[in-house]
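Some structures are shown below for you to check.
After this come two complexes, each holding chain A, first together with chain B and then together with chain C.
The block that comes next holds the complex of A and B.
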């Protein structure tokens, strides 16, 4: 019997600019989550990031590798937010995030994210960690550069083990 | 995620694999490819184009080869470059693995794409690539073609395969979004 994957939990297409999108009341009945963001980005650029369970403390860390079309880089960082990708300018971008074992209560939470902005920042892969063993029930998504424009879509899926 | 169609290349190989009449019933598309090309080299470039080939695609990539890493960009291409796959001089029977994601393939916006690829070679040199692609077509995606990049990087050998999946967004009635 095939294991169900990409079970739709909720999706939103912004009808007007918004500073954040929050998925809440996420059921603890699945193993992993996948978040897909697609659309134009805030013109001023910056980091696509999230906060889990409203935690704004310095409890996040990440490693990343990036290619902008001419050079590559890698870095490690600690932060008060869960980083997914940097964007540059208003060009279309995709951000695809896997959040593993989100409902477990015995481990810190980790994400793998892939960001793509062919006409802007370029391409990147991030591995990020939230140093908290709580089950994730809320994901709030922001952009360092300000409001997400109208038309951006955010979809959250679940994967069963 | 639901499988839409799998195509496996038969004896004699094929210049390309095309999925046509893609149903307009999903939100995103995911294309998974196992490929090897006939070009007389260790590796060769793999490409994907949407609907009909036109010089409307740009990309930026990050690529490692087992010893070095590089980033490059290109525009005005027919194909989205999704990475380096195994070719004729690679270890026998090795193939490259690729996943391409196309969100909002029915939308009226340009199409922003992502690809991850690893090339199998059982040797020191083997490529790993992550790619960001942008196709300026604003029409819904109704067909997808996989081939040696721009049609000039060799044919797909027998046993190469591609599977197209559809992902449908929606609500479970419990999770909220604001």
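The block that comes next holds the complex of A and C.
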């Protein structure tokens, strides 16, 4: 019997600039999460990224592929944060992230993200990994360039399996 | 604090049945094929969400529809491998080859992941196409955007995900979802 899913968990709309946004107490009753970020970005640009379960250790890696309208590129990264997208300038950007098997305890956590910023960085796809098998209960989202401006929305959805 | 999702799951905010879980299949460690058969025909699109790991060294997953083994498939890919971005295409294939779509590593817990959309799967006036994003980091670095073609107008009633060789490790998981039209 099919099971209705893709459950909206929470949407946060910034009423003022904020350096981070946190989804906490995420229940382990689903299998995947989908995070949607939409809005203006910090002027100085940089990476849209997250930390899972407050882990700020060097336990994250990523591979990204970017097209900016004139060239394409790819890079691999190892860092202390889970990268989703790279923005340039304050123009509106949108980022959609799938966090796979976030509640599983037998595998690392992989994210697949697609981001676009038509007036800035262009379009990109990222695959990122948190090298930890713990279930994810907290996602804190940051921007390398500083505060997210007022009005940016962060929506979190959950999918059963 | 009320856990996230409890209110939404119990309330009327969810459009019930607009996105349904149809089935989930897990790797057994002894089979190189994951199959969804007798797929319901009451949705508009399908989505497959997976995490996968191989028990040998091959890292490709091949997608086959309706068990068709003729040269009726094609694929375009855009690849980022950590140093360059490139594009490839193949035609007249016996399945849609999703290159490097499965992790092959001795690292415990490391898997690849992917999300595949199969559009208008039951429409008998269109050839069936899919699009996918998938990737992995660790043993190798890969992120792909892929489109695939099943050059037939037959409604899709079964899907096979077949490793190029070896088997799906038990940590592998494939879930099939149906998306309704408005």
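Note that the second predicted complex is superposed on the first by the 157 of 161 C-alpha atoms of A that agree within 3 Å, B and C clash if a C-alpha of one lies under 4 Å from a C-alpha of the other, contacts with A are read in each partner's own complex, and residues count from 1 in each chain.
Here is the rule we use: a contact is a pair of C-beta atoms (placed from the backbone, for glycine too) under 8 Å apart; a residue touches a chain by one contact, two chains touch by 3 or more.
Owing to the predicted nature of the structure, the values given are computational and were not obtained by experimental measurement.
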> Do chain B and chain C fit side by side on chain A after the overlay, or clash?
Replying inline: clash
>> Output check: A:114 vs chain B and chain C. Expected answer is one of first, second, both, neither. What do you get?
In response: both
> Touching A:126, do we find chain B (first), chain C (second), both, or neither?
Replying inline: second
>> On the A-aligned overlay, A:65 touches which partner chain: chain B = first, chain C = second, or both, or neither?
In response: both
>> Contacts for A:76 in the overlay, against chain B (first) and chain C (second): which applies, first, second, both or neither?
In response: second
>> Taking the superposition on A as described, I'd like to know which of chain B and chain C A:160 touches: first, second, both or neither.
In response: second
> What is the contact status of A:93 with respect to chain B (first) and chain C (second): first, second, both, or neither?
Replying inline: first
> What is the contact status of A:39 with respect to chain B (first) and chain C (second): first, second, both, or neither?
Replying inline: first
>> According to the stated criteria, A:151 is in contact with first (chain B), second (chain C), both, or neither; which is it?
In response: first
> Both chain B and chain C touch chain A; at which residues?
Replying inline: 5-10, 23-27, 65-67, 72, 114, 125, 156, 158
>> Give the list of chain C residues in touch with chain A in this complex.
In response: 1, 3-6, 8-9, 13-14, 16-22, 24, 40, 49-51, 78-85, 108-115, 133-138, 141-145, 171, 173, 175, 177-178
> Which part of chain A faces chain C closely enough to touch in the complex?
Replying inline: 2-10, 23-27, 29-32, 61-67, 72-76, 98, 100-101, 104, 106-108, 110-112, 114, 125-129, 131, 133, 156, 158-161
> For the complex, which residues does chain B have touching chain A?
Replying inline: 1, 27-28, 58-63, 69-73, 101, 103-104, 109-110, 112-114, 116, 130-134, 167-172, 174-178
> If you look only at chain A, which of its residues touch chain B in the complex?
Replying inline: 5-12, 21-27, 36, 38-40, 65-72, 91-94, 96, 114-119, 122-125, 151, 153-158
